[in-house]
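These are the structures, in structure tokens.
Both complexes below contain chain A, partnered by chain B and then by chain C.
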Partner chain A sequence: MVNVTADSNKSQEKTINMSPWAIARRKFLRNKLAMISSFFLLTVIIISFLAPFITTADISKVNIMQMTLEPSGDHWLGTDKSGRDVFTRLLYGGRVSLLVGMACTALVVLFGTIVGSIAGFYGGIVDSALMRFTDFVLNFPFLVFVIVLSAIFRGYVDGLTILIVVISLLSWGGVARIVRSKILAEKENEYILASVSIGCKPSKVIIKHLLPNVLSTIIVQSTILFAGLIVAESGLSYLGFGVPQTIPSWGNMLSASQESDVLANKPWIWMPPAIILTITILSINFIGEGLKDAFNPKSNR
Partner chain B sequence: MLKYTIRRIIGMIPMLLLISFVVFLLAKAMPGDSLSGEIDPNNTDPEYIEEMRERLGYNDPIIVQYFRWVGGFTQGDFGKSTRYKVPVADLVAERIPNTIFLGVTSLVITYILAFAMGIYAGRKPYTFGDNIIGGLNYLGLAIPSFIAAVFAIYFFSFNLGWIPYSGSVDPTLQPGTFDYWLSRIHHVIMPAIVLGALATASYTQFLRNDIIENSRKDFVRTARAKGTPTSKIYNVHIMRNSIIPLVTFLGFDIATLISGAIITETIFTYPGIGQLFLQSVTNRDYPTLMVITMMLSTLTLVGNLIADILYGVVDPRIRLDS
Partner chain C sequence: MNMTETRETAAQPPETEKEILLDIQNLKTYYPIKGGFLKRTIGNVKAVDDINIQIKKGETMGLVGESGCGKSTTGRTILRLLTPTEGKILFDGKDITKIKGNALRKARQDFQMVFQDPYASLNPTQSVGDIISEPIRNYRRVSKKELKPEILELLGRVGLPAEAYDKYAHEFSGGQRQRIGIARALALKPKLIVADEPVSALDVSVQSQVLNLLKELQDEFDLTYLFIAHDLSVVKHMSDRIGVMYLGNMVEVADNKSLYAEPLHPYTQALISAIPEADPKKRKERIVLQGDVPSPANPPSGCPFHTRCPMAKAECAEIKPALKEVKPGHHVACILY
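This part shows the complex of A and B:
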């Protein structure tokens, strides 16, 4: 106990002359769980995106001679029912799952921030109109409408693009609400009044003065979103309404477990994506917690 | 309070109309005749099809068709399933008890587990037991429900043989008997736990943090100073304050259960609304699809409404504010 207080006293002395970002960085670097998670996530991202250079096996080729082989030296994680190497598909699948997650997160954060900051900054009728619209979107049962929408557009447009657009269109509401409430609180400060009074354009006030101050909230939110959207993608793919079956993704690989024979007797086909997906989600959540902690001035770890 | 409640309910109506319009447009946008089911699929004579289209009103303007659909809907005419050739109302009525049973069981399990774990962890924070519960919570929050379901079936059904992996009841049993209900509970228990895992984790977390926070407040110190037994402080003084905010979660649970049921029911092949929904998308059974989409959207709205009203009950500032 004595050590801990001494430690925190010391760290408080040190942090006196540091910028908030530097303090946050220091706190985050000291958070073991978050650092391990970041390391793991980075490894997964790098390995999946380098998949074409790591393995030479063809992911799309059906090989009847090598159907449902158990893990061995040739096939580290065995092969699936079409004779495709599970390890290779795991790498390529990670690429697709992470890419869909990242693209959705980027779109959701972009759209949510735009709507939220405009509503929060202007207030009045603009605010109520935008927020009613946000409520409207938030009132849709997410899964139901994603499934219906992707069923409509299937076949018209590239499956991956439509999935990303549909998921993003239905998920930005939460971010918009949070950004709005933060902007509402932030714009009461005098420096905003000052920048408005010297004639800054609203766009400049929002982008240069308001957004940097709500950035920490947005970063934490986008981490949580990233995890949630990867889950959404893989859940939809598992049900057969996500990434087209021809493209491997973790969810698509997992959907093999819908056959009870595969589920009961061939765990090497579905367990690897299940486990890697769970650990990835867990580590993203830990990173999110770490960031939240790091940006919180009250926490003193 | 009554004024606030009425205002919220009236505020729901335009939202419901808007959603119904979106659902209708989506169904129209789907490939094929979204409201069909009346046309004989074996008769491909273009004149017959044109005549039937005219008679069923598919050539009317969209707005007219929309109002006809909404009109029928409000009077209880939900159309006929194109796949099963029976009224959608019957189809849904057959499945609904299963889904409600699943949802209620899931809620009961959630509350029991969350209260037991949350109260324990809140009373003994930073101990071994609290850390274990915290770890379980993390898993509950992070593991996607479909992965949890797949693992549950693999371990508990296939390897241990404890629970059945499909259906809602053993079909050989007589409805109404004790064994029948036992079998139903046996079938529903695993999907219900999986469905409730996320809510259990967030309830536990919330309850624990709230109990810890409350236990540092002045009224607890006063109670202690008066010599009130610790168990009474926790069970009466703190619990009362910690349960109040928890009440508001109930509304959101309805929305979560709906989305969750689609995945969980499909994985456990549990014959409920969620499974029917996915089947209707796959089979392009548009009348069924529209009814279920409308139903789930309405339920989500009602869930959010309940949450809003309960917020108002708990926190008087909210009902005065807006």
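This part shows the complex of A and C:
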């Protein structure tokens, strides 16, 4: 007991002279689950992006001599039906999946935050117009839209770019709504009125006073979004409408399991991407939870 | 209207050699009530309904009234944090009623505000140094480093240690936070400061410190105050002249002494009778008002106070009395005078 109080006293002392950000960082560093998850995610990211330095096997070359080999010393995770090394494809696939997830998250958060903060800050007619537009976008049937658009643009533009743009254009609505509601609540504080009275321009009020105070929500939201968007990419690729088949991604690798023979008898072909995908998504969600706790002034974990 | 006459007389009392810094004419601020399917305006909350105030340079004008009587709205409208529905605001001879955008932003340098809630009025993500230097940096291109000596001096002036510079608002007590807020308002060396209940959220022991600080700063920086409060003893301590508001209307304006010695409006009399007396032997008659403040969305006809006035007559429900000077420098809006 004594120890506990002493410890909490110490932590109380330490929070003096710390910005709210420093306090959140400390809380996050103490969250074991979140730290393990961050470590895992970071490892996955680093290994994926260093793939060319880790394996030398060709990811696209079909090798009839080595079709559907079981895991062995030569091929750690075996080979798929075209004779390509599963481990190599897993690394390169991770690169694509994570890249799509990150790019989409960045675009979605950027666009959602801009729309949401302008709507929330100005209110009135601006708010109504922007939020009706958001509703309109949110009402698009996601899958149908992605399939149609990628069918239209296929061949004209790089398939990966189209996928990123299309997913982003359809997914920012949720972020816009959340940011708007947060801004609406935050702008009632007197310090916003004060920032107007000391001569801040509206853009400065939004960027310097409102956004830093809703940033924690945006960050938490974007981690959860990141996980969701990786899943979206995998789902689309599994169905064959996502990343072009020539580029390996976790979703593309999973689509091999559409064949019942592979699903039932050759687990080494689809299990690795499935497992790594699941653990990655889980760890991203744990990180999100950890951040949420860290930013919540009432939690003391 | 009677108003114009009032204004002329108000500008003439003997000691008015001083220039008028702020001249508010027939100011009205209404909040529209939206309703129905198409969000049309179906009514107005008349938060400020036709008031006139003149404040001279270097003077402290107090504004008292119950919660919801429009004091804060008046203050915020004067600083153009709200847009008036009607009327005119002349600040230092310039009409600031309708200016917008950059012109308004430039004009804000000369009038600042001290807010009521010391907890909500400081951005939690900014350090104290940032908070106080921001107003200056909004108008001048200077680096934080260059400004630091100036900011430290300001901190010292409002009674905060130099170490406060790098700290965050959440590390301070209410009174200290209010000092930060005062330093922020002072940073631009404004001519007018509207203090919107600056001490009502503070402990009584801290209140007087902050009030005395405001008084000292007034002499030092040549400030003019519009001091808003609901606590009559606080206003008495601070103000040269006092305006009493009721339901968006100014019911009585007088200098400090004569308002307390001889309140004329029945509402002011009731307010003053409610001030607690330090001497328990001194008995005085407490006027207890009946009923609640009527809704400003649907104010009573005639005199706004007639529904609760102990001296109301039949015609009070019909005639809305204008503010008129009944004694030199003492204006009251009541048909009794």
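Here, the second predicted complex is superposed on the first by the 283 of 301 C-alpha atoms of A that agree within 3 Å, B and C clash if a C-alpha of one lies under 4 Å from a C-alpha of the other, contacts with A are read in each partner's own complex, and residues count from 1 in each chain.
Criterion: a residue touches a chain if its C-beta (ideal position, glycine included) is under 8 Å from a C-beta of that chain, and two chains touch if they have at least 3 such contacts.
Keep in mind that what you see is a predicted model, and the values were worked out from it rather than measured.
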>> Just checking: does A:264 make contact with chain B only, chain C only, both, or neither of them? Give me first, second, both or neither.
In response: first
> More residues of chain A are touched by which chain, chain B or chain C?
Replying inline: B
>> Per the contact definition in the header, classify A:147: touching chain B only (first), chain C only (second), both, or neither.
In response: first
> Touching A:194, do we find chain B (first), chain C (second), both, or neither?
Replying inline: second
> Counting only touches as set out at the top, which of chain B and chain C does A:213 meet: first, second, both, neither?
Replying inline: second
>> With both complexes superposed on chain A, which partner does A:125 reach: first (chain B), second (chain C), both or neither?
In response: neither
> Who does A:238 touch here: chain B (first), chain C (second), both, or neither?
Replying inline: first
> What residues on chain C touch chain A, complex-wise?
Replying inline: 76, 79, 81, 105-106, 108-109, 112-113, 115-117, 120-125, 127, 134-135, 138-139, 166-168, 170-171, 181, 184, 187-188
>> So in the complex, the part of chain B that touches chain A is made up of which residues?
In response: 15, 18-19, 26, 29-31, 138-139, 141-147, 150-151, 153-154, 158, 165, 255, 258-259, 262-263, 266-267, 277-278, 281-282, 289, 292-293, 296-297, 299-301, 304
> For the complex, which residues does chain A have touching chain B?
Replying inline: 135-136, 138-145, 147-149, 151-152, 155, 227, 231, 234-235, 238-241, 254, 257-258, 260, 263-264, 267, 270, 274, 277-278, 281-282, 285
> Which residues, counting only chain A, touch chain C once they are in their complex?
Replying inline: 16-21, 189-191, 193-201, 204, 209, 212-213
